[in-house]
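Okay, here's the structure, questions in a sec.
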Amino acid sequence: MDMISFDLTKPLHIIPVGRVAIDFNPTDYNRPLNESTNFNRYLGGSPANIAVGMARLGDRVGFLARVSDDQFGTFVTDYFRAEGIDVSHIRRCEHGENLGLTFTEMLSPTQSSILMYREGVADLQLCPDDVDEEYIASSACLLISGTALCTSPTREASLKALTFALRSGVPVVFDADYRAYTWKSMDEIAIYTSLVAEKADIIMGSREEFSLMERLLGLDGSDEASAAYSLKKQAKICVIKHGKSGSRVYSRDDGCWDVKPFPVTALKGFGGGDGYASSFLHALMAGRSLPEALERGSASAAMLVASHACSRDMPTEEALENFIREEKAKYGDVIFAL
Amino acid sequence: MDMISFDLTKPLHIIPVGRVAIDFNPTDYNRPLNESTNFNRYLGGSPANIAVGMARLGDRVGFLARVSDDQFGTFVTDYFRAEGIDVSHIRRCEHGENLGLTFTEMLSPTQSSILMYREGVADLQLCPDDVDEEYIASSACLLISGTALCTSPTREASLKALTFALRSGVPVVFDADYRAYTWKSMDEIAIYTSLVAEKADIIMGSREEFSLMERLLGLDGSDEASAAYSLKKQAKICVIKHGKSGSRVYSRDDGCWDVKPFPVTALKGFGGGDGYASSFLHALMAGRSLPEALERGSASAAMLVASHACSRDMPTEEALENFIREEKAKYGDVIFAL
Amino acid sequence: MDMISFDLTKPLHIIPVGRVAIDFNPTDYNRPLNESTNFNRYLGGSPANIAVGMARLGDRVGFLARVSDDQFGTFVTDYFRAEGIDVSHIRRCEHGENLGLTFTEMLSPTQSSILMYREGVADLQLCPDDVDEEYIASSACLLISGTALCTSPTREASLKALTFALRSGVPVVFDADYRAYTWKSMDEIAIYTSLVAEKADIIMGSREEFSLMERLLGLDGSDEASAAYSLKKQAKICVIKHGKSGSRVYSRDDGCWDVKPFPVTALKGFGGGDGYASSFLHALMAGRSLPEALERGSASAAMLVASHACSRDMPTEEALENFIREEKAKYGDVIFAL
Amino acid sequence: MDMISFDLTKPLHIIPVGRVAIDFNPTDYNRPLNESTNFNRYLGGSPANIAVGMARLGDRVGFLARVSDDQFGTFVTDYFRAEGIDVSHIRRCEHGENLGLTFTEMLSPTQSSILMYREGVADLQLCPDDVDEEYIASSACLLISGTALCTSPTREASLKALTFALRSGVPVVFDADYRAYTWKSMDEIAIYTSLVAEKADIIMGSREEFSLMERLLGLDGSDEASAAYSLKKQAKICVIKHGKSGSRVYSRDDGCWDVKPFPVTALKGFGGGDGYASSFLHALMAGRSLPEALERGSASAAMLVASHACSRDMPTEEALENFIREEKAKYGDVIFAL
């Protein structure tokens, strides 16, 4: 894959921008959340999970975020540090903002929901002054999470980071990561996610997220139309996810691909996307071909939905390769050219 | 004790107004909160704990509050209902507000702290329209928690409930329950807590809370001055707490009392006040003498600081009496006339 | 009149608290505001007009307020200073807040309306820190305008000033001065205006304003009930205005009075109340009898509705006496014992 | 000039988006604003002035805005209607927002300042739902004023209008119109103005405004760099104004031009820009050459700074041509190729 040029001689491989939060997962599964009485605490938040996933795979990972100035902020910063992630640009909030929380309800492998604390939380306080041009330029890639665009000042901080990445020739990944919370209207979502998507080299999102993004553009809602629109702008790769039926991947130069999920027994309905993103991006940056990278993304997604946590259960390279070998031996290929 | 007339023929004995929240207490004690990985969930919030405490002792308890419109709101409402508390005036929030959360850190029996989620939470949304004159009039007593005064619209809802109680001749208990969160300035605290205190029949608070209340009044900071000021207004009883050294209680007609704590081994540094309030008020309303009521308050406080939870561990009448009998046998009296 | 003891040996006679604003009155009368093209500018705001009115009559007047930090703030401060009003406690806003504006529409002597700019204006920024105990204690009287209670932080500043006045034995005048703007609900109005009214020595308001104040108190809406309620609290005098048909005045010791308006040709429908308040309070403080003070209030009200401006046209003692002499010669008495 | 294709067969020639406000200009000139006592009222706001200017010159003009739901909203809407401007997409505010106000101080022809009321005003309430795709598509041109980007929701409404214009092939004019009010930070200004500028066909702004726009782009602050950057994006024409020394105009295909001001005696220091924009755009759309259009812009600017009002004094075609003829006879050419 040589469409996008990642300069791996830089100090960092990737800097995700956005949400660091905490997941509280009930230890008593298959029960409504209002009846759960005991919870485990994990580092959470989509870009934070991706950061951990990529660090586990050996990437040099940075992070641009605000965290709470309390014990929870200490927990997540310590967790990152222990994973080898650079925390030099994770700042504490100054007005008592709390870290975002996600309480998960796992009624069954196919029914799960989340209860979020997102009102005025720490990650939304990332502000333009936190964004350092040199830091952005020191990375081979910038990943912007859609949630970081949902309100001010994190929105402007993300747009400033994008501006600096474009100036320095740093490739940009846009992970739609749509959460209904905090956004004020459908038009706002469409306006800001499309603004970033049209300047990104890689766009990752679910079918629903692409449709939200394109709401004002008059497209027909098909993957083909979405991909055609984006590939005419800056994007070289579009990953469009369809939940349990897998994903469709369109590239400017390397063809189109159908990615099937590995047939594992899911424990929960979330976390798969962050596994996908981290293994896919790692492989792509490591120089693997697009189908190879997709296979790794699909494997990591399968491993994550089968485990209790997200961040804690991100696979190492060895675990990932073992999983792929074993699963392919049993079920065959999951990547097909379209 | 006949200074305050509680009409126990009314449908309810007491209606606390204010905070219903959730406590997350780590199961791994004596460790900093940032290192805790597993938590138990309990119903929390000072007036909610008092409601549970009094219901356990046999009182007919109502509640006036707003809770979140999610699984946590369901949990607390179900919990109240299971304790026999009337939930007819607990309303769901309409704009996605979350329930307040308290994460506790129990480093040691003498060192504990809390990390609170209080920004825009459900209980602060209680509004004047939620306050029903007939409901207030249907109770033998109204308890207003100081936290319910910290911001609008719960402040105005509380003041409206106070107005209705005064009109209907319902005695009012003011529990200072000061939490630094959400209040905008020291002057605001002084203004609103003193406004309610000067119309309350019973005032309960720590020495620090009385001093905050009196900040603009030019008193000298002594218990004697605080009590003299309040007893000249509407108050018949002032309970001034001094942490581990016990409390001083001043009454208009029944003398002054020194209340010593029962010498238990504490597990945590909080919850005692809610145990105190519930057992003391229950006994007073049941017609016991002031020193009898204080003994029960002190006993309940001791039982609570020795247990892991607050709401869950509120004692029954029988447990309370057993505790008092055993402790007094070992250590003697704890209530002394001044 | 000796029911209220005003200590005129103090440095100031009165300190009004609240609104200083600007009135823009069209020079082309009897035309809808949307067609007016030329405007005169005057100092405005009810307590500011009263301050000017009392200063013209010879009182030593202070003021407690915030004004804009721009040319309009300079204008009103200079205007006050030129009238001999003490401006030592008029502070400039620090975050760019503008002065409130009132554009008046005078369609006919009986039809006038106003268009107000009140959103986040300077006078609403008066905060508890602005309230100095010594300043309050240095005055023979404190006047609180109802508008100063409509939102935070001016609400808490007013309540703090009230607390200091009560501590220092300074008599309090409450002028209801209700403006729908900025208040959040009918319950808020009732709660805060009644809180101040029940501690005031003199209450002045229209029939509508008294009814708003009493909304949660279960009174029957009659002047008799309003007066009876207030005179049982702290009030010694209640002035209840009925627009063009005059006002009813109830006192604790000096009887009840019917005050008829002097039959002048009105130019506009506002400003009369501020004239009334300033002349009435001046006379009362100067030691005149209640009916004498009311006659002067009624005369000043008549003079104001017949003039183009409010502040600019406040009468001197001589003008007031001439007016009373001439009008009484023509029309006879306007004050009647009930 | 055929670089930009304006489809004049459409129902409208231009739709400005943004600010409609009111100017109060003192009738007593050369005096500090705090001493001014009488004011004339005019329709104001940069895009509103441009709309009036272009309508006077014969263009079919629409407008997209929110105005106050009061007599001032009626005044501006009536004024537009009387000028022949389409007011079908001017909506009234629904939550009592006031129209923006500008009080001008004209100390001398070279010293003037303004005092603005911009807090939460009506024009800032324009929201995405107000933006109708068909309406945008019905115009030969869309003009976005920088002030409309300063806060939400007018920011998102403007970006939505931009999206629709791009979809429908409607050329876009970006008039920087920077006002410090309401913007939260320098980075915000740079981010949003550059986002619109990079998609606009014509960019108009002062040297200062271009520098604010480019703050994050690493340009050197010269007109050449600004123009080179923008002309590589979507822009065909960049107008960079230098106050009294005139403006520099860069085009993709029609060369670069130095525009000198006509040497008139100025009465005030503002309004010139709106005159310039309206006459320049009208001429350009009417098919005149770039230098011809610039000459007309410069003439209109000169006429405006010499008059008391802005909107009221926009010239007709005849007045403009007379002015140019007379001035050129006296002083010669003002447009020079670079």
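Worth a mention:
Going in written order, the chains are labelled A, B, C and D, and every chain counts its residues from 1.
Note that contacts are C-beta pairs under 8 Å (C-beta built on N, C-alpha and C of every residue); 3 or more make two chains touch, one makes a residue touch a chain.
Quick caveat: nothing in here was measured; it's all calculated off a predicted structure.
Listed here as common contacts of subunit A and subunit B: no chain.
Where touching is counted per the definition, subunit A and subunit D have no chain in common. Among the other chains, C has the CA centre that is most remote from the centre of subunit A. Centre-to-centre separation of subunit A and subunit C, using mean CA positions: 61 Å.
Distance from the subunit B centre to the subunit C centre is 42 Å, each centre being the mean of its Cα atoms. In subunit D, no residue touches at least two other chains. Of all residues in subunit D, only 127-129, 152-153, 156, 159-160, 163-164, 167, 184-185, 187-188, 191, 194-195, 216-218 touch subunit A in the complex they form. Against subunit D, in their complex, subunit C makes its touches with residues 24, 27, 32-41, 70-72, 74-75, 78, 96-98, 101, 103, 105, 115, 117, 119-120, 181.
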